[in-house]
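Next come two complexes built around chain A: one with chain B, the other with chain C.
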Partner chain A sequence: MMPISTTGVLAEFYEPAEALAAAVKVRDAGWTHFDFLTPFPVHGLDDAMGQKRSWIPWATAALALGGILFAQGLQNYVMVYDWPMNFGGKPHAAWPSFVPVTFEAMVFWAALGSAAIAIIAGKRDTVPQPPPDVPTGATVDRFVLWISATDPKWQAEGAQQFARSLGAGNVRLINGGADV
Partner chain B sequence: MTRHEASPYATVMDDSQLTGRPIVLKGAGPYGGDLEVAEPLVTGGKTWADVDRDICMHAEQFPTKRWWIAFSVALAFLGLLVFALITLFYAGMGVTGVNQPVGWGSFIINFVFWIGIGHAGTLISAVLFLFRQQWRTGINRAAEAMTLFAVACAGIFPVIHLGRPWFAYWLVPYPNARGPLWINFNSPLAWDIFAISTYGLVSLTFWYVGLLPDLATVRDRATHPWRKAIYNALSFGWNGSHRAWRHYESAYMVLAALATPLVFSVHTIVSFDFATSVIPGWHTTIFPPYFVIGAIFSGFAMVITLMTFMRGYFGMKHYITINHMELMAKILMLTGMLVGFAYSTEFFMAWYSGSEWEGFIFRNRAFGPYWWAYAIMFTCNAIVPQIFWFKSMRRHTWVLFVVSILVNVGMWFERYVIVVTSLHRDYLPSSWGMYALTRWDYAILLGSFGLFFTLFLLFVRFLPVVAMSEVKGVMDPRVARSAGPSPASSGATLQEV
Partner chain C sequence: MSASHSHTLPDAPGRVGLPGLVQGLAGVAVLVGAAAIAWAFSHDATLAWSTYLIGMFFALGLGVFGVAWLAILTLAGSAWSVTMRRIPEAMTAWLVPGGVLAMLVTFGAHSLYHWSDTEAVAADALLTHKAPFLNMGMFGALVGGSLLLWVVFATWIVGVSRRQDRDGGMAATRTTRNASAIFMVIFALTLSIVSFYFLLSLDAHWFSTMFAVLVFTDVLQTGTAFVAIVAGLFVSAGVLKGFLNENHLHSLGKMVFATTGFWAYIYFCQFMLIWYANIPEETVYFLRRADNGWLPYMLLLPVFKFVVPFLLMLPRAGKRSPGRLVPVAMLILFAQFWELYLMVGPAVGHGGEAAHAHLPLVEFAGTLGFLGLFTLVFGWALARHGAVPLKDPSLAECLEYHS
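Take a look at the complex of A and B:
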């Protein structure tokens, strides 16, 4: 699922502000297959990395519409077509009483679908990631720049030099899934 | 002073130094005036690495004796629930107190009670998120877990109230060999199925999405390969990639936006169970907002109860500070007054409507044979929280704890009053009657607390009880960073690396 690159450079930053400043330079230097691994979302980092807004809300809107159509379809089919019953002379297609179920179905489809799509998108709509067995510290307190060897600009020596020039600490070349 | 230096969380403070008032920095404002900044949300000068250590510790070490004692007690009550349910299924509904004319008894009371408690978690995670209330980060994980467990407890009651719970699946509309016999979509009881199941599953999704980065943290701290593999699978291999955070944050925002109306819809639909009937005392338009505000009220009370334990026994005082507790006390007081306002409005409308039945029911509620239930309800919900007008009371752990318990007692009796007093004296005095809980009603009520606390204790044992990745985001980097050259000198050291 998630593209893995076995070769690349990891470089550490220690504060969100440092990562933000570095991301702008990486982006402006023309790198494309790079990423930042961070313990929490850094506001503005997607912009600094040159990423567009996430498209997840569009998926949510589509799913919400699907939920509405499903609930309306089900209720009208059941109450009007398949099993029409007379409840106190009220109309079969009593739309006000279909509102609660329609609302719940909309939220249900949109919420569960958006969460699933966001998790999948995080894996697929991305660049080749560092090997999972290399400890980065990004889930603790490091803001780690990753430059993948799949980048068209890639040069092992050049990428390390570049990372150091950004002021990064602990610049490591990862080769074949291991530190070199 | 740069923007970074004026960060509201800049000061290292200890718990005892917190005042609940802003820190005034003389002459630090942008135009030379005073600058007021909020007190830090995390005290004790914690670093980001400390957060992981302090919070994962409980899930990593062998459980303490205190945990085992609490777990044994909770399990004993869960056993009571199982025993009582087996008895109920074997003997039938006759063992409970429901009869003519009170056909809705403790099961419906408990259902509404638990669903109400389940409101605070998603309110904290969704509504406070949309309002950018950063103090939510310390309490949202545990509050959301509380929501899930409360919904699980609530879910039992409508099913056992059916009398023939083995036919509960008939409530789900699916093509079947019974006709197909469909549910009646005009019925609020059918809407309830959708409302409760949607609320439970969306809350679970919201909670789990919030957990993903923290599960990855637990995985990276794990030493045993199985533990690593399990937490890796649970976190879907999360590695902190910002390209994943981008979609994650968007989805989290969308979930909050969807969960916000959902929170208000659930108890609204529960109140429809009552409000769409033609029973005096139930058939009122005030019910949806009245139920929702009562639910938030009782949910926050339960959050305060649980957070008191987490501060005291799990050493979370640096993350759930007394300032957090004070803010919750303020919400408790506000919602308590709204609930009191609803009680008064009901009485006013009973008189103003000129409806004889409505007037009788409300006189009967307050002064009839169940006056004591009404008195407990009114005292605990509308009067007791008034103590929080005093700042010293809002910041006093024991006062908070006692009030939170009293509020939940009061909210249980609110549902008791609504369910029982409207039914026990209906239009014909010849069919009046009284209702009392039997020992099996009490056993199932106490047992549901056993289920709730068993699940909660398992949660504190296996999962991070505070949203670590969110707490890290509201800490001041200058205090929280633990390694690397200091920001001022980073320019000089870059060649040495």
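Take a look at the complex of A and C:
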């Protein structure tokens, strides 16, 4: 499950460029438990928020290697040792015929494994999100900053003032799932 | 606050051409290539025409890539490529001179194509069977018609882009979309025909259902590599500052990377189908290229064209940084020459006169000449128009692009 924080501050921006500028300021002010909810992917927002590069490509590479080893091991075991058969007089360990299966197993392991890891890691490693029953403009036309109360710097008054100082509109404290 | 307020356009770069050094090098390459081909003609007509065919097809592939790439980018709706669109547009300028140079191969048909000899065809049941397709009249009509269609679509698509530079608006984008969709079908058919006549028919007895798609991957891989060289040099020189940066280069690098993988997939497909079926009239292609000293040359092909580029482009920086992408793209261009040499070289000469492997120095010089001439035409076309399509509706998205 996605982690949820029942307390935090929501603040709205009206342009992607404003959200980008605000993200840099939030990051530079030392906040760590904050996120942006946007109607569409904003190019460069992850950089502006100071997010690190994902480690998942390394998992993909390891899974791809695993798929290769699995397919090579299986085919060599079955075709050479366990049940050798003669196909058109070709050698039992005929490497060209092993390539398609090896390739497909590599893709299969890497793709499905990466997707599963991305879903699990995405839910686990994300900043605690606002309660889902709180309406934000992010599904329509607003670029919404969320500062979670789980942030070590958290102070209800301070967070709201900070959000206002960024030029955000509709700054509000969320507490227990409803506007306060 | 509207989008136009939140985004100020960088200073328009105006017209951008190739630096004098590049043009000078291209000029030298043309002289070297012309000298090599002239020398070859005075010694060995077969060598000369092989050299000519390799260089001609190398450059022709880059030319037709320009149109095909514009069509693919349009149909894919790729906003990232807007600021580098002038590069494929300028590549299409080669199609007129390149098409004329391609048709000149008819004069060398007797040195290259067994099937152009009517006596040999009459004595050969299989060639007689193929004669309705493999004859000089059909060669002229089908290849000439294909080249003409490429020129027509290049003129149409690039012309519409010019109109948008002047007038702006969405109409030009819609027209390009329709033209691109039609061209994709025509491109598939005509590139197959052109590859059959120029390259596949060198081994007139042989056939491969993978051949046209293999040439298609060659065209895409080499073409994206050429665009990567030009765009990479632009980025590192800061020519289109504010319009073109590492993010755009990254997406282009991904295309070079993808086509490199695709090439390996298709080349292996062709090899494995032939190896697996093990039918003499199919295996002859690879047996010929394993004999007479060709085997080491063949084994180097996947190294140049797949293994080294793949490993070098695998890290993120290998696709983003011009200093790392441009050398790989140059290697891919060289590998394309190598592949064309291995398509043409072993195929000419028959029986006891079968071609022997040799370091392709003359062939390489000839290809350099064609590449030089291509670069001069490309540079001329590039400098004729504003370097960025400032009125493209996707420009704003392209400028903010992150990868």
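One rule holds in what follows: the second predicted complex is superposed on the first by the 179 of 180 C-alpha atoms of A that agree within 3 Å, B and C clash if a C-alpha of one lies under 4 Å from a C-alpha of the other, contacts with A are read in each partner's own complex, and residues count from 1 in each chain.
The rule we apply is simple: a contact is a pair of C-beta atoms (placed from the backbone, for glycine too) under 8 Å apart; a residue touches a chain by one contact, two chains touch by 3 or more.
Nothing here was measured: the structure is a model prediction, and the numbers come from that model.
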item: Clash or fit (per the criteria above) of chain B with chain C on chain A; value: clash
item: Which superposed partner A:R164 touches (first chain B, second chain C, both, neither); value: first
item: Chain B versus chain C as contact partner of A:D47, first or second or both or neither; value: second
item: Contacts of A:P130 with chain B and chain C, given as first, second, both or neither; value: first
item: Which superposed partner A:Y81 touches (first chain B, second chain C, both, neither); value: neither
item: Which of chain B and chain C A:A118 touches, first, second, both or neither; value: first
item: When both partners are placed on the shared chain, which of chain B and chain C touches more of chain A; value: B
item: Partner chain(s) touched by A:P16 [first = chain B, second = chain C, both, neither]; value: both
item: Segment of chain B intruding into chain C (one of 56-64, 74-82, 128-136 or 200-208); value: 128-136
item: Intersection of chain A interface sets (partners chain B, chain C); value: 14-18, 90, 97, 100, 103
item: Chain C-touching residues of chain A, taken from the complex the two chains share; value: 14-18, 43-44, 47, 88, 90, 96-97, 99-100, 103
item: Footprint of chain B on chain A - complex, ascending; value: 2, 12-18, 35-42, 45-46, 49, 51, 53-54, 56-57, 60, 74-75, 78-79, 82-83, 85, 87, 90, 94, 97-98, 100-101, 103-105, 107-108, 110-112, 114-115, 117-119, 121-123, 125-127, 129-130, 132, 135-136, 138-142, 144, 146, 164-171
item: For the chain B and chain A complex, residues of the former touching the latter; value: 4, 47-49, 52, 173, 179-186, 188, 190-191, 194-195, 198, 201-202, 205-206, 208-209, 212-213, 216-217, 219-220, 232, 236-251, 254-255, 258-259, 261-262, 265, 269, 272, 469-470, 472-473, 477-478, 480-485, 487, 490-491, 493-495, 497
item: Residues of chain C that touch chain A when the two form their complex; value: 1, 3, 6-7, 265, 268, 271-272, 275-276, 278, 400-402
